[in-house]
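Pasting the structures in now, so scroll down.
Heads up, the next two complexes both have chain A, just with different partners, chain B and then chain C.
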Partner chain A sequence: MRAAPAGAARFRNLTFLVPLLVLALAVLLNYLLQPNLFQPRVLNGNLRVMLPLMVLTAGQAVVILAGGIDLSVGAVVSLVNVLLVTLVTPDSGPAEVLLGLAVGVAVGALTGAVNGVCVAYLRLQPIVTTYATSFLFSGVALAVLPRPGGALPRGLTTFYRSAPLGVPAAAYGVALLLLVWWLLRRTRFMQHVYAVGGAAAAARASGVSVSWIRFSSYVVMGVFAAFAAAMLTLSTGSGNARLGDAMTLPSIVAVVLGGTRLAGGAGGVTGAVIGVAILTVIRNLITFANVPTWYQTLVDAVIILAALAGPGLVRRLRGSR
Partner chain B sequence: MPESAFHQDNRRSTPLKRAPLISARNVAKRYGAVRALVDGNLEIHPGEVVALLGANGSGKSTLGKVITGMTRPDGGQLQFDGTTAPVTSPEHARRLGVSAVYQELSLVPDLTVAENVFLGNEPTRLGGLDRRLMQHRTAELLESFAGVFTVPVTPGTVVGNLPPSERQLVEVVKALSRQPRALILDEATASLDGRQVDRLFELMAGWRDQGLGLVFVSHRMDEIFRVADRAVVLRDGATVGQLQLRGGDDRRTAERKLVELMTGGGEAGALLLDEARPRAAVNRDAREPALRLRGFASGILAPLDLEVGAGELLGLGGLQGQGQSRLLLALFGAAPHRGSVELDGRRVRVASPRQAVRAGIAYVPGDRNRDGLLAVRPILENLQLPNWERYGTPLRVGAARKDAQMVASDLNVRLAGLDANVSTLSGGNAQKIVIGKWLLRRPRLLLLDDPTKGIDVEAKEEFYRLLARLQADGTTVLFTSSDDAELLGLCERVVVLHDGRVTAELTGPTLDKGSLVAASLGAR
Partner chain C sequence: MRARMPRVPPPVVALLLSVLLFFVAGVLQPGFLNVDQAINIVRLAAFLGIIAAGQTLVIISGGEGIDLSVANVVTLGAILTFMVSGGASERLLPAVAVALAVGAVIGLVNGLGIVALSIPPLVMTLGMAGVVKGTILAVTQGDIPGGVPPLLAKLVTGRLLGLPGVLYLWLLLALLMWGLLERTGYGKRLFAVGVNRSTARLSGVNVPLTVVITYTLSGLLAALGGVLLLGFTQRVFLSLGDSYLFPSIAAVVVGGTVLAGGRGSYVGTMAGALVLTMAESLLRAMRIGEAYQMIVFGLILVALLAVYGRQRDSA
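The block that comes next holds the complex of A and B.
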């Protein structure tokens, strides 16, 4: 049976309130353990680490909202990363950098189109399909750059570490990401994404092309993955065909932490971005809490499980009263 | 609905002389081994209401879906304004001016009313959604049903929070927002209450006068005579005839002719709703009541004391969503409750459906597709879902299959085989599966939430006979219906709820339409 709390309508688009609370708690704990957390240098460093995953998670959120899932995103990040450092050298001018970025975005979109065709038109299972294509993209990445290396123009990486007008460059990135989401949320496309993820049959009966929306959600994912790769490349300054691989599962966990329904149809990017922040702060916490190295993964996992179970537990407690 | 919403050029003085808006000829469609439609024919002219009739599985829903682009036909021809056009998608049909009111099929529960109304047709401004226009237009469209909503409905209300009747009205509003020239209403009144139906019919008459062509699919004879000008009858996937209703034969003759067309002759008389309803002999004499509720309250339902005799069929009447469904849900342990439940003199706990099932309670939900069936699983598994514990470990599938076969043939389910997906069944046959899965358990108390909604007269008739049989075996039945005539015809006693409280207990001479309607509206 569907729980139908009165007044739910008003807070429907604010599903990220609970994650925000979790984040506040985590940040507070982090601050107690690491009093210099809010110093610009530390904050800047944290944001730089978070931004690529945030951008990637935003794309993952769109795919999941449309009722799909993408396990190939890490491989796409790696692929675009190696392309960028291959096309752009330390001596490249602005034109070459922009060309590199354009190629990266185009390749990102292409990987999304491959996934989209398989899932939306060939009707293959999203989990299995994207797991399979991740090897395809990884393989291409290894072929492009078999050994880690490459570098970006020094100016770019320095800029990414700088703080124009006293605000970290990565913070502008986060703001821009939220602005893009704010705009995207106001398009017909996103409206259809929510409808397809929520009730595909109803969307079809309303004249929405379900296949096209599913396909497009993967292409959007590919573009976001390309930008995530660009951010990551700015952060690391070099290329590695395995660089993005470890980002796939965190991107999905962050989406769910942010209050998005894994089956699709409800949630959003704002929550997903908060989800990434929660994940990163938890990592920080563990480091500064002097947890022995060999227990870190375990503690990390327990905290994430608790954060994931939190909203459900709250709902249960409220429902039983 | 403001009149300006429709294309002015559809106002024609002599509409019937013109080419039909839509004409479907020899349309055929097969789903796997099932031939849903063999020879479907239908013409819709501007300015008329056509009723589409037929028993379960006669193909009327399929014909409707072909015209609205939901389903691609295997053969036949579709013409719009005299021009042949294959309809490739609902979007395409919409551009050709065809809109449809589905049975809750086209609403996304997570979206708001306004978002649903404009889904697939969103207005944009500067590349973004024009939410203000959406809100504004939706509010305007909702005005047509002002005063008949049982809960407040605003453009910002989330559809999933609305009761079925309001969702249905949102469907109507949605279809209208597309400014159609032809409107297909598939069982659009099934979950509406009396006042809502009246309002819908007023509006339909208005749309007809503005030159729309309307197709009305319903199982309620009464409604067909109230609203339709012409009736087209399908049987076994083929159009078998039509009848002019307005200015034709008198009601009784026309009704007989329609039923004959629907059944292909034979025992036509038995299908007339008012006559052949078996009013089961109720032995609710001096015996101990089988079910006794004390201060039973849940959600909207105020504390209620109720006694129901063994073998009694107790009707729960009133407008939709006044606590009837909630009572059934809580009795089945699917919603929390206060107060006590006694079954056959013993106190029972119904804190969960599992406990309720153990206590001998069975429940048929109002939304069978969402709560009653595993759509992608075979009929066998659906029938045996509550019963597997009887077949040991490892499961004796052979025995289970035999039992399921027995139930299926007992209920006269028309199926391709026990291994076919339940989604291949038509509405009435699917409902039989929902009921059938409990029969093997021989329930003591059967809770039915609007069980005949959207099923045809023939299936209803079989269903009534089944009820009579269960009653004779001593099964106690609690029963809600959105069809007042059904409550009046079937039940010896009807408890009417309004706003969660009992406003009347009708029995014997007080059990008539007038008092039922009065009590439904809250008059004591």
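The block that comes next holds the complex of A and C.
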């Protein structure tokens, strides 16, 4: 009984190797086209853009691993963003900033709980339910901040752009995210998440509360979304009730690009983080390859589709079983 | 589980709800309650209903079936009709043929990616949505020459017995969809595939072919939705179909088609489109501000899903 799950866990941990290879290739190409890629200033800029989506995608990965999906994440990011700029002003001290962050995280968890109750306990279908709640959260965000505006203390936004000890601040963020995942993966909760996403019936039979795990996965998602919003607010320095909308679908694509099974049960946050990096590097590549503006969306989409088709194509070429 | 099976069919519930909403609107907003307003709402619902037709088939096919490329195919269908016809009624037929063919090809590629490369439908169609959008940008480069054939505008907005043409077209489509689902071999195979792919295969159904046909039809029907939408909006723009993407899924689900596949009807989708459009019109008429409109719409949607959008206990 002990050996099998351990072996399965090790296999699951390796799902990010192929995406890592894709990323390495993309970074190499990017470096050839943009030789200053690894200069601290450029690297810092790229990481700053990536970090919020990475944090959000980490949460999306947990929900997907548990067998769900969350289309409201962008709305939650917007909501927390407008709350942050409303609670924190350019003159705020550390206490007010922390209070703002605490409220943001609490609201993020609350949105997750709303989704979780609907999906896990009322057993509504995740895709349409989280689409419905995205209206709810977007509406509240718009009520909080009808017009874009607000600002953070200058010190905070400057810090996010700085490079303490020669390493970009956002890089610490990425490292922290991976550390959190490394710890989270070792918890009983994540074991149950994998079990529920892999085979809910078997998980239930072995005494796991499927509903509780599904519910919790959405709460975890909400907390990640709140931190993603905090990172994004550091990056933009202001509030906008529509700011997060464009992040929802990329967060799902990145999870899949990172080798996580969309049906749940296999994959992880490491792959998801790599997935975000792939998306960003592809966009970078397109810019530096001088692709004409009107063709950029098409090239971007074709490369992403090719990356999604890759695993299936390889399986085909190896001979179908 | 069996005891909780709904006795009233979902389409009937959705239909009753939209009538109820209409009267609620009449109470809250005197002047809302009149025939013109009713016709207007049904007309708006028709476009959503037509665009959601393909989505209905895809969702019935199961296997996490969903088509996120419909919105951009709607836009492309409208743009192709606009460009190929050049605004001439005599070129409407070839223009529509081109639009439908391109839509079908996009659906075909979706189906092949899903079946042959085992890409999950959600990301396959999402990726395709990006490719279609990219193609539109690359081809038009922001400049879309062409025109709306007067014949198309007349077909869609012209009135017969007081009702706009699009309603007759919707009814015709409904008959075709009913026939397709209930009276053809494809319909039988589609439901069989949706219920359980293994048993469908064992009983001799060509599952991959059925799935590919389904996505192809979805692309074709989305393009048709684009053609008709062009007749209504009378102009094209890059985000023409965008606002129909998730409503097309919500309409299907609110109408009682199960996202897990294998069960559903187009009548349900029609009723779903009607409820969603009614709720939106009601909120707009109440003038409570965009923020509160969104909040209430979200709550209504969750409530509707709670009535009939429950998933089967798959575990």
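For this structure, a couple of remarks:
The rule we apply is simple: the second predicted complex is superposed on the first by the 306 of 321 C-alpha atoms of A that agree within 3 Å, B and C clash if a C-alpha of one lies under 4 Å from a C-alpha of the other, contacts with A are read in each partner's own complex, and residues count from 1 in each chain.
We adopt the following convention: a residue touches a chain if its C-beta (ideal position, glycine included) is under 8 Å from a C-beta of that chain, and two chains touch if they have at least 3 such contacts.
Fair warning: this is a prediction, and the values are worked out from it, not measured in the lab.
Looking at the shared chain after the overlay, A:Val128 reaches chain C, while chain B stays out of its contact range.
Measured by the number of chain A residues touched, the leading partner among chain B and chain C is C.
When the shared chain is aligned, chain B comes close enough to touch A:Leu183, but chain C does not. Look at A:Thr297: by the touch rule set out above, it reaches chain C but stays clear of chain B. Judged by the touch definition given at the top, the superposed model places A:Leu308 against chain C, while chain B stays out of reach. In the superposition on chain A, A:Ala195 makes contact with chain B only, while chain C stays out of contact range. When the two structures are aligned on the shared chain, A:Leu262 is found in touch with chain C, with no touch to chain B.
In the overlay built on the shared chain, the residue A:Arg204 is in contact with chain B and with chain C.
Residues common to the contacts of chain A with chain B and with chain C across the two structures: 201, 203-204. Partner chain A is touched in their complex by these residues of chain B: 70, 89-91, 94, 100, 102, 105-112, 115-116, 119-122, 124, 127-129, 131, 156-158, 160-161, 174, 329, 334-336, 371.
Interface residues of chain A, counted against chain C in their complex, comprise 69, 71, 118, 122-125, 127-129, 131-140, 142-143, 146, 200-201, 203-204, 210, 249, 252-253, 256, 262-263, 294-302, 304-305, 308-309, 312-313, 315-316. By the touch rule above, chain C contacts chain A in their complex via residues 64, 66, 113, 116-120, 122-124, 126-128, 130-131, 133-135, 137-138, 141-142, 246, 249-250, 253, 259, 289-299, 301-302, 305-306, 309-311, 313-315.
Those residues of chain A lying in contact with chain B across their complex are 1-2, 4, 8-10, 12, 183, 186-188, 191-192, 194-195, 198-199, 201-209, 265-266, 320.
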